[in-house]
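Sharing a structure here in structure tokens format.
Should a chain be cited, it is by its letter among A, B and C, assigned in written order, with residues numbered from 1 in that chain.
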Amino acid sequence: MNLEVLIKSSNVLFLLLGAIMIFAMHAGFAFLEVGSVRTKNQINALVKIISDWAVSTVVYFLIGFPMARGISFLKPASKLIGDNMGFDLIRFFFFLTFAACIPAIISGGIAERAKFWPQVFAGAIFAGILYPFFESIIWGINSTFVQGLIKNITGFEFVDYAGSVVVHSFGGWLALPAILILGPRKNRYNSNNPIPISNVPFLALGSWILSVGWFGFNVMSAVELKDISGLVAINSLASMVGGILVSLLLSKRDAIFIHNGALAGLVAVCAGSAIYHPIGAFVVGGIAAAIFVYGFHFETEVLKIDDVLGVVVLHGVVGSWGGIAAGIFGSTLFGGLGNVSFFAQLIGSSLAIIIALFGGSIVYLVIDKLFGFRLEEEKEIEGADLAIHSLEAYPDKF
Amino acid sequence: MNLEVLIKSSNVLFLLLGAIMIFAMHAGFAFLEVGSVRTKNQINALVKIISDWAVSTVVYFLIGFPMARGISFLKPASKLIGDNMGFDLIRFFFFLTFAACIPAIISGGIAERAKFWPQVFAGAIFAGILYPFFESIIWGINSTFVQGLIKNITGFEFVDYAGSVVVHSFGGWLALPAILILGPRKNRYNSNNPIPISNVPFLALGSWILSVGWFGFNVMSAVELKDISGLVAINSLASMVGGILVSLLLSKRDAIFIHNGALAGLVAVCAGSAIYHPIGAFVVGGIAAAIFVYGFHFETEVLKIDDVLGVVVLHGVVGSWGGIAAGIFGSTLFGGLGNVSFFAQLIGSSLAIIIALFGGSIVYLVIDKLFGFRLEEEKEIEGADLAIHSLEAYPDKF
Amino acid sequence: MNLEVLIKSSNVLFLLLGAIMIFAMHAGFAFLEVGSVRTKNQINALVKIISDWAVSTVVYFLIGFPMARGISFLKPASKLIGDNMGFDLIRFFFFLTFAACIPAIISGGIAERAKFWPQVFAGAIFAGILYPFFESIIWGINSTFVQGLIKNITGFEFVDYAGSVVVHSFGGWLALPAILILGPRKNRYNSNNPIPISNVPFLALGSWILSVGWFGFNVMSAVELKDISGLVAINSLASMVGGILVSLLLSKRDAIFIHNGALAGLVAVCAGSAIYHPIGAFVVGGIAAAIFVYGFHFETEVLKIDDVLGVVVLHGVVGSWGGIAAGIFGSTLFGGLGNVSFFAQLIGSSLAIIIALFGGSIVYLVIDKLFGFRLEEEKEIEGADLAIHSLEAYPDKF
């Protein structure tokens, strides 16, 4: 084995480890939702996440990845391996794990009252077409034009190292029209009792799985081993910790907010994780958690938008904050590496919101018109597990 | 550090990551069974898996690995490290994780009514002697003769890259005589109500843990970093996804079948994972899931074989399908890399079935004769947790 | 990319993988405690572990790591990356995961009746000051003096490869004064019924997560990839397996002891994992499990010390045993690599006990004096989840 071979094989291993870690995060999405819904909707959460993953893989393989990155795999296996041990296939796997986050994020917002197949169908459109379109103009084959435009205006390209904006805010804002079209769960705002969640340990398990896998998200966004940066890892850690501590204090030790606060910090840090100072990242994550704690209350209690897991805030608003924060705390003024512009970040972050809200509205309105998006009332009362999946989560009562 | 040292240390890390990932899969086996049995037998599932792991380690260290690979570790520690940083020790760990799958697979089939120690004893014989024997003739020090014979007949060696046949079908078919000798659980076929499973989220957690770890199974079967292949990873993904989608459709969104369908795809893909085109792998996994959905019903309802987790189908039949599928979808006709023969695959796959059925029958008949294999009726009714382990899974009722 | 860059980036990846694996272990600490307490205290376990992690990160970043290793990060991000891709930052992350084990270990001993913030405060002092002090004199910038002294006396330095003594025994012995000052849980010794644990599967899940991550603990203690040793991995495995088998036999198949027995083996093996023969490691782990099975009974039933998870035995006594065992089974007499002295091990292990008992007593006595350490009686009866966190673990009863 010579150096050339070692470099190539190390790159395959490096990016594959990232892909596997983010794949594992989908179990985290599943358990976060399992814990956050009522017992009668736990199976629905599990089946949505794994099905969306599978559908995302197919559409991103056939349409999304070729669209975003200009590489198609419709040729014999011998050509797929090429001279780099199939590195392009691993790039597909890695970026698929990003694309598949979109339906997984939305899933938590529309929980407990959406029909199954329309939800899957929307996810397929997002992972196969709409997300890859946005991916292509920010990171992919069409990024020259959009990034060039932003650079012409602000002097710098829009920085989103690991997807605060491209993945999280895009997914979170896509969920808003879906949630509005569905409307709140039955009795969500009719009584004084909030709808109870079912299982805090499962929610915490989901958060832990997501947090651990997230290091694959951020660190392996280097794509090649030579570009690995210890700073990315420590900034991810610092922002997560900022998120935990601020939510601990603001929520008065509420386990739900704390375990989501860690995620808020991680959502926010992605964009600028390669350029913050760790203390800057800590502040970014702390603010993210504050946005989540107050924003979730504002969204669900003041605006009365029934976003079950708070994904519009956790991924949408906090993701946008992450994009903008890179333009503030990434600057040398705050000890960051600089080469980033607040206005470039504002433009890029706004672009995601606009496209997501617009695209999401069209897709969900059409789906609602064609198939009906909301589960029938008696099925919602019965619970999605029995109504859709003919199965209870715990058949052997104890 | 020079290139030589870097290569050696990278190889140790590479294979060790695979070993750790497959070791983690054993937690997946445990939770898949915990979720699939009644609440009164959950602890038994946990203890069986961890105990079988420990016993397998001992017997494979002392007997199995030396037998299959010709390397013994009964020499001072200084000699174990050798000049490659203990790479042989890591090879032992890696292939141990394969051997230890055998009792873990069987465990799910014989759940809820087997005695504890006879089950452990059978596992020890399989992981220590019978599996290493089969390993040695297909992959190990005695493979020259058997693979040579197959090559003489068919023109090609029998291909099993990561163990569809050597590990999964072997374990699955070994379980059949055990299940038949035990007979069905009390009241399994006396009433109209099937015996309920206890916990779908735990079952799903088990499936997720297995799916994530499986990438270690397939990718690290390269053994050395220089032989890593992105194609192996993507084929594993594609087959898993095929399994998810087909079981989703055929089972009408049943969470149990879907989470097992992912595993069916992964069992089937191992053998040909290095030679399929991803679309071929997708089809192989889809067929695997169809085999599981219909085969499980056929086995347990038509043949009335009480295979609790369906392991004879999931690992046995689907593993054999994986072996044969490599001879079909691995060919260049289906975009694969070729150099594989349908008949060689048929011979190798059949060999595993014959040896497993024959060996398993002898071992379990002797055990049944000597100690009695089936739990006493009153203990089965009480549940294995209290009867064998003097403990309930949830002592603090809530 | 040249060899230099590949080596540097591989080192960052190697140590980061270790850090991530040990970070994941903290989910294991959480679920081990969730399963081992009553249902009314599960959330408290979850919040303690994640909060202690966050607080440990802050104090170890600002005080602990600079104190133990002489490196501060209070400079611009550009300087943090340096010429080795931020390797020092990853060293911080890696050793943070060790420091953060201290409050996580103590947490299990003081479960179900400690006030929240005093517990957090004590953890901050340990992770930020007391542990880094001990780290500095054994492994860090002040080790020359202490290790030199031990070498002068015994001819060899004190060996603790991965922290049996520095991490586990130190944390375990710190817990003893805390447990004594708190006193037993209400009704722990007033009735004939022991206080029931809530959830064996969660306990087992915690044990599995810890066991898998532990390979990061031991293997990545090499710090640089070139120093990786297959022997460390296999010794960890062997000691864990010894722990499983001995606890299986001694406890009569009790799932709680078996899943803790695996951990006992892993605690004990850390110190000598680089020098044992695997069979020696197996014996060390087996003895560790025997110590735990009998020691836990002796501590909690004879001495009537209400150590909920048995951490004084599991981490304290067994950790000390691990330190001493390295001086026995690490010798060439038992097939080990040698270069280790029984007396050096005895001195180092004793030093940890003395400093931990002394430091822990002072810290907890002061905290008890200043704030009161024990939860008010009515809150303990109500349960920490509702009393401290205003939340039940399973709000949607089923």
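Before moving on, here are some points about what is shown:
Following the convention adopted for this analysis, a contact is a pair of C-beta atoms (placed from the backbone, for glycine too) under 8 Å apart; a residue touches a chain by one contact, two chains touch by 3 or more.
Which protein is which chain? UniProt says A, B, C = Ammonium transporter.
All of these numbers come straight from a predicted model, not from anything done at the bench.
Under half of the residue numbers found at the chain B (Ammonium transporter) and chain C (Ammonium transporter) interface occur in both copies, marking it as a different-residue contact. Chain A (Ammonium transporter) and chain B (Ammonium transporter) carry the same sequence, and matching their CA atoms takes a turn of 120 degrees, rounded to a multiple of 5. Measuring from the averaged C-alpha position of chain B (Ammonium transporter) to that of chain C (Ammonium transporter) gives a distance of 33 Å. With touch defined as above, residues shared between interfaces to two or more other chains in chain A (Ammonium transporter) number as follows: 3, 6, 10, 17, 199, 205, 394. Residue ranges on chain C (Ammonium transporter) touching chain B (Ammonium transporter), taken from their complex, read 3, 6-7, 10, 14, 17, 38-40, 196-201, 204-205, 208-209, 211-212, 215, 219, 224-234, 237-238, 240-241, 244-245, 248, 252-256, 258-259, 262, 275-278, 280, 282, 332, 335-337, 394. Residues of chain A (Ammonium transporter) that touch chain B (Ammonium transporter) in their complex: 1-3, 5-6, 9-10, 12-13, 16-17, 19-20, 23-24, 26-27, 30-31, 34, 42-43, 46-47, 50-51, 53-55, 57-58, 61, 73, 75-78, 80-81, 85-90, 92-93, 116, 199, 202, 205, 388-396, 398.
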